[in-house]
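Below are two complexes that have chain A in common, paired first with chain B and then with chain C.
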Partner chain A sequence: MTGPRLDTLWLKAYVGLALAFVFAPIAVALVFSFNSSRFPTLPLQSFTLEWYEDVASNPELISAFGRSALVALLVAALSTAIGFATAYTDYRFSFRGKGFFVALALLPPTIPSVIMGLAMLAWLSRLAISGTIAAIVVAHTVICIPFATAIIRLRLSEMDAGLELAAWNLGASPWTAVRTLVLPFARRSLLAAMALTAAVSFDEYAVAWFVSGLQKTVPVVVLEILTGNVDPRINAIGAIVFVTSMSLVIAAQILIGRSSQKSGTAE
Partner chain B sequence: MASDARRRAAIFAVAWRAPLLIWQGSFFIGALGFLTVMSFWLVKNYRMEPAFVFQNWERILARPFFWDAFWRTLGLASLGTLVISVLAFPAAYTIGLVLSPRAQRLAIFLLVIPFFTSYLVRAYAWQIILADRGILNFLLSWLGIPAVSMLNTPAATLVGYATLTLPLVVVLQALSISSIDRRLIEAAYNLGCTRLRAISMAIVPLARSGLIIAAVFAFILCYGDFVAPYYLGGSLPPTLSILIVDTAKSGQQWPRSAVVAITMIGVLMAVSFVAMRLVYGRRR
Partner chain C sequence: MSDPLLELRGVSKRYGAHSAVRNLDLVVNPGEFLAIMGPSGCGKTTTLRMMAGLEQPDEGDILAAGQRVNEVPPHQRDIPLVWQSLALFPFLNARENVEFGLRMRGIGRTERRSRALDWLDRLGVREFAERPVDTLSGGQRQRIALARSLITEPPILLLDEPLSALDANLVIRMQALLIRLQRQLGIAFVYVTHSQSEAFAMADRVVIMGGGEIVQIGSPKEVYRLPSTRFVAEFVGRNNIFDGKVVAVNGGEMSVATAIGPLVVLACDLDPGTSVTVVVAADSLQPCLPGERPNTLACSLISEEFVGSMVTLFLETSDGTELKVQVPERQLGAFELKGDGLLTVGFLPQDAHVLRT
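Let's look at the complex of A and B:
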């Protein structure tokens, strides 16, 4: 059914081409971050670490990186906690209005980030927290809860539903059962959710741009550099952002892969 | 005692439900609700004042400027969705049916990474590639082909859209293609179908709902994106998302931006509704 050999070869080459298209810009940013010319044109000039040194010695950029990291950590913790509660509710209970509940849990990513940014800016100004780090954390958590919920929910669906019932019958309170049974079972997915939501937050530029005010995160700085003049530091900043978020996404994927393989052997 | 146990069970259930309802109720529903309310408010002396007037709606909807942007955005996003869905299909087909399970997992693993990795910086890198004195033109001149102006064109916007959505569309298409019952595809080949005929007569119809869902996600992302039309497409004439950014960022005209935003949400809801009808309506 795989058809003629030659066909298959072409198809595989096509997949390679698609991957090349997807990874080309990442490679370009990495290469030019080490290029000594101020302008991003070929041919390449000599190798340099100048732009990285510039980034590392710029107080404004350092504080932006610190802020982004802090926001990502808080968002990861909050959205994973709320995501677990939501995933567990969907796994354990059925109740009236559950359709609405699940829709509320998964809807936010379908709202374009520009609209989310505008709505958050207006609403958080009303609540008098716009322009603070708290505003970015609040907005990013709204965006990240669905990702955390989905990852944890997938893992919970691999859990034998009878396990918890058995614990209850043996006299464990439902709280104890969650603490000693469900949480350890979902541990890898919780870590995966934290890694992925941290990556999403660390990369998010649109909503942060609207609500951050003077508390700029790294992507907001990138956005402002893009709107201004040619600035060769942007490739170095971009490379650091790539490496950070790629590591987080890879970690999340490995954690998810591992946890489903593990349950596969257990069955 | 029985009622005591029931109360404790109810508390247990509600406690797990509460975090989402409180957080998304306060900040997600709250923000979107206020966006709607705000579209009826007035701006006086650079400050918003509560009101219930249709002035913002009338102002925006009466402008040819708005409708130009409306149709342009719809056209660009539809074209992007179509082109990206078609370009993604051979890759998704290969990943879903031709590759070994191991290679399949690796391909999906690789495609998920960029989807969550700084779209903004990737769009900037495309500026370097597509610029008049950029990488692509350098390679062309090396081949003896005169330089082509690529940046600030609708084509460059599409490149940006593809950067944003191609990985996701390939993954979603591949997942739905790989979950087709293989025996049905075998049957098509046994009945003498060529590969192309098996694709058009068996695989596309069988994977239809997955292909439509992938297209809906592509449309939602392209339609709302402001990075590709702004930094690659040249920002002029603007799309609706650029209109929102410009109106909101230049002063306090948030109510008018809100009108544009709500119109966009309306279009997205209509498109999703039609798509869901296509997925679930004619199946059975």
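Let's look at the complex of A and C:
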């Protein structure tokens, strides 16, 4: 009787420790972002919003936030659109080399960021758009498409393949069937894909560092500040980025969870 | 004479090395109830899907009202199909499902709505109009699928085993509904099924398919009483099948030598020495006294099967040939089986159907 209980206790402790290991630095940063001392040392001094005010009044940081947000929005829209097209191709058609096609579509996350960044830099320089916002958008879209594809593909796999044929049979052209049937069916997964790809883009620094040039995004600015000195503003920026990204990821999780739950009750 | 509604001419369809449909010729006439029947894998569903344009034939032509439609995509054919899975749209309610065909034809909201409600009314499911389809029962969903296919008032409706998911009582009621609808609308139904009770209960003409080919076309009675091949005799009804050779022809009758002994059947222009198959329906083979009928066989009872008022007895002759005998349950008491389960069965020459092999 005590065996399994002990096991679950150990497991709980193990998981708790692992989570603490991941989240403790973030929690520390959050706490120190409200601490009046310039240096992250104990004991804590008084509560302050000084560092947030500093961030909010720094034009370089403000424009970096604006740029990051714009890039994230464009990347979310582009990679979700391309991800849907890829997932739909996989769902609707069978053709020679389809396995290879799907593998290729899902490949980018397996490439190390540094190599991806260098390759992107080389390629985008040749196109003479390196160092522009377009360059960051292109690079991040490439990184994000597989995430969007995977989420949407999962949802489409729950769709009865006969539904679309039934729509054709009732007079819907293939385009109309996608618009009136497939898109509404996949709606939640499309929103989830947008939220997740926006989060991935918002957090990404390695590839952005290579291709952004002077159009720095938030993570690139953070990296530069960190290499210089200990700056309490970092904690404030970290807190803002953390809350933004987590909100997007949690939104994506809820949307994915609900979409599969809904189809579960429909069966 | 008007063109047939739909015609298949020499149509073949292959999937890789597998030939699903081979050189098929078939005509669907206006207003007829045509059933396509066969064991699974016989090509009946593929045939239906080619009619709807969901599959392209590799060879041959498909004609609708005399026009070749091979390359016409499904959404331009106006040949609705009722799916085995029903394929109702899960995020639309019942009325919106029924409206779909009209919506695709660009018909306005108000007209769409009133026509959809009319059809739901006609099929007795108007009260469920605003319900999500996944909250409805199998029979209700079936009616909504029918309304969805019929709302555009097509000249022809294809049905792919539509009743296979329903329980037996519901099947009978849906059969009555389908026949009534088909007669009232005067449109052609092409009904694919593997169930002979469904096909025989509803169809004007029955097409028996086997191995991708049409084996026999005829009225339910013809197919049932006069199977054209051994395959049909085995697939349709409950038949006793004996292979043999004509040994003698005497006037109106001839004698056939089989594994269970000589059988006397009606003569039919065959010379002695011809190989034949003698088909005797289970309801033509009846218990009797030895010698009471020209053909009597001694056998023992193996098992019996009750389906409503009919009982099927499974018997075995001394050489191991299995026989099937159908008798009304009420008459069963008359054939006092001896304790050892032995009995004699027999049939009349005119009740045997002879196939040349």
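Here is the rule we go by: the second predicted complex is superposed on the first by the 263 of 267 C-alpha atoms of A that agree within 3 Å, B and C clash if a C-alpha of one lies under 4 Å from a C-alpha of the other, contacts with A are read in each partner's own complex, and residues count from 1 in each chain.
By definition in this document, a contact is a pair of C-beta atoms (placed from the backbone, for glycine too) under 8 Å apart; a residue touches a chain by one contact, two chains touch by 3 or more.
Just so it is clear, the structure is predicted and the values come from calculations on it, not from any experiment.
In the superposed model, A:A122 lies in contact with chain B only, and not with chain C.
With both structures placed on the common chain, the touch criterion links A:Y205 to chain B but leaves chain C unconnected. In the superposition on chain A, contact of A:N169 is made with chain C only, not with chain B. Counting the residues of chain A touched by each of chain B and chain C gives the higher count for B.
The interface of chain A with chain B overlaps its interface with chain C at residues 174. Of all the residues in chain A, the ones that touch chain B in their complex are 1-3, 7-8, 11-12, 14-15, 18-19, 21-26, 28-29, 32, 40-43, 81-82, 85-86, 88-89, 92-93, 95, 101, 104-105, 107-108, 110-116, 118-124, 126, 138-139, 141-142, 145, 149, 174-175, 196, 199-200, 203, 205-206, 210, 219, 222-223, 226, 234, 237-238, 241-242, 245-246, 249-250, 253, 257. Per the touch definition, chain C reaches chain A in the complex via residues 52, 54, 73-76, 78-81, 83, 85, 87, 89-91, 100-101, 103-105, 134, 148-149, 152.
Remark: chain B residues 9, 12-13, 15-21, 23-25, 27-32, 34-35, 38, 87-88, 90-91, 93-95, 98-99, 105, 107, 109-114, 116-126, 128-129, 131, 133-135, 138, 162-163, 166-167, 170, 182, 185-186, 189, 195, 220, 223-226, 231, 241, 244-245, 248, 254, 257-258, 261, 264-265, 268, 272 touch chain A in the complex. Per the touch definition, chain A reaches chain C in the complex via residues 160, 162-163, 165-174, 176-177, 180-181, 184-185, 263, 265-266.
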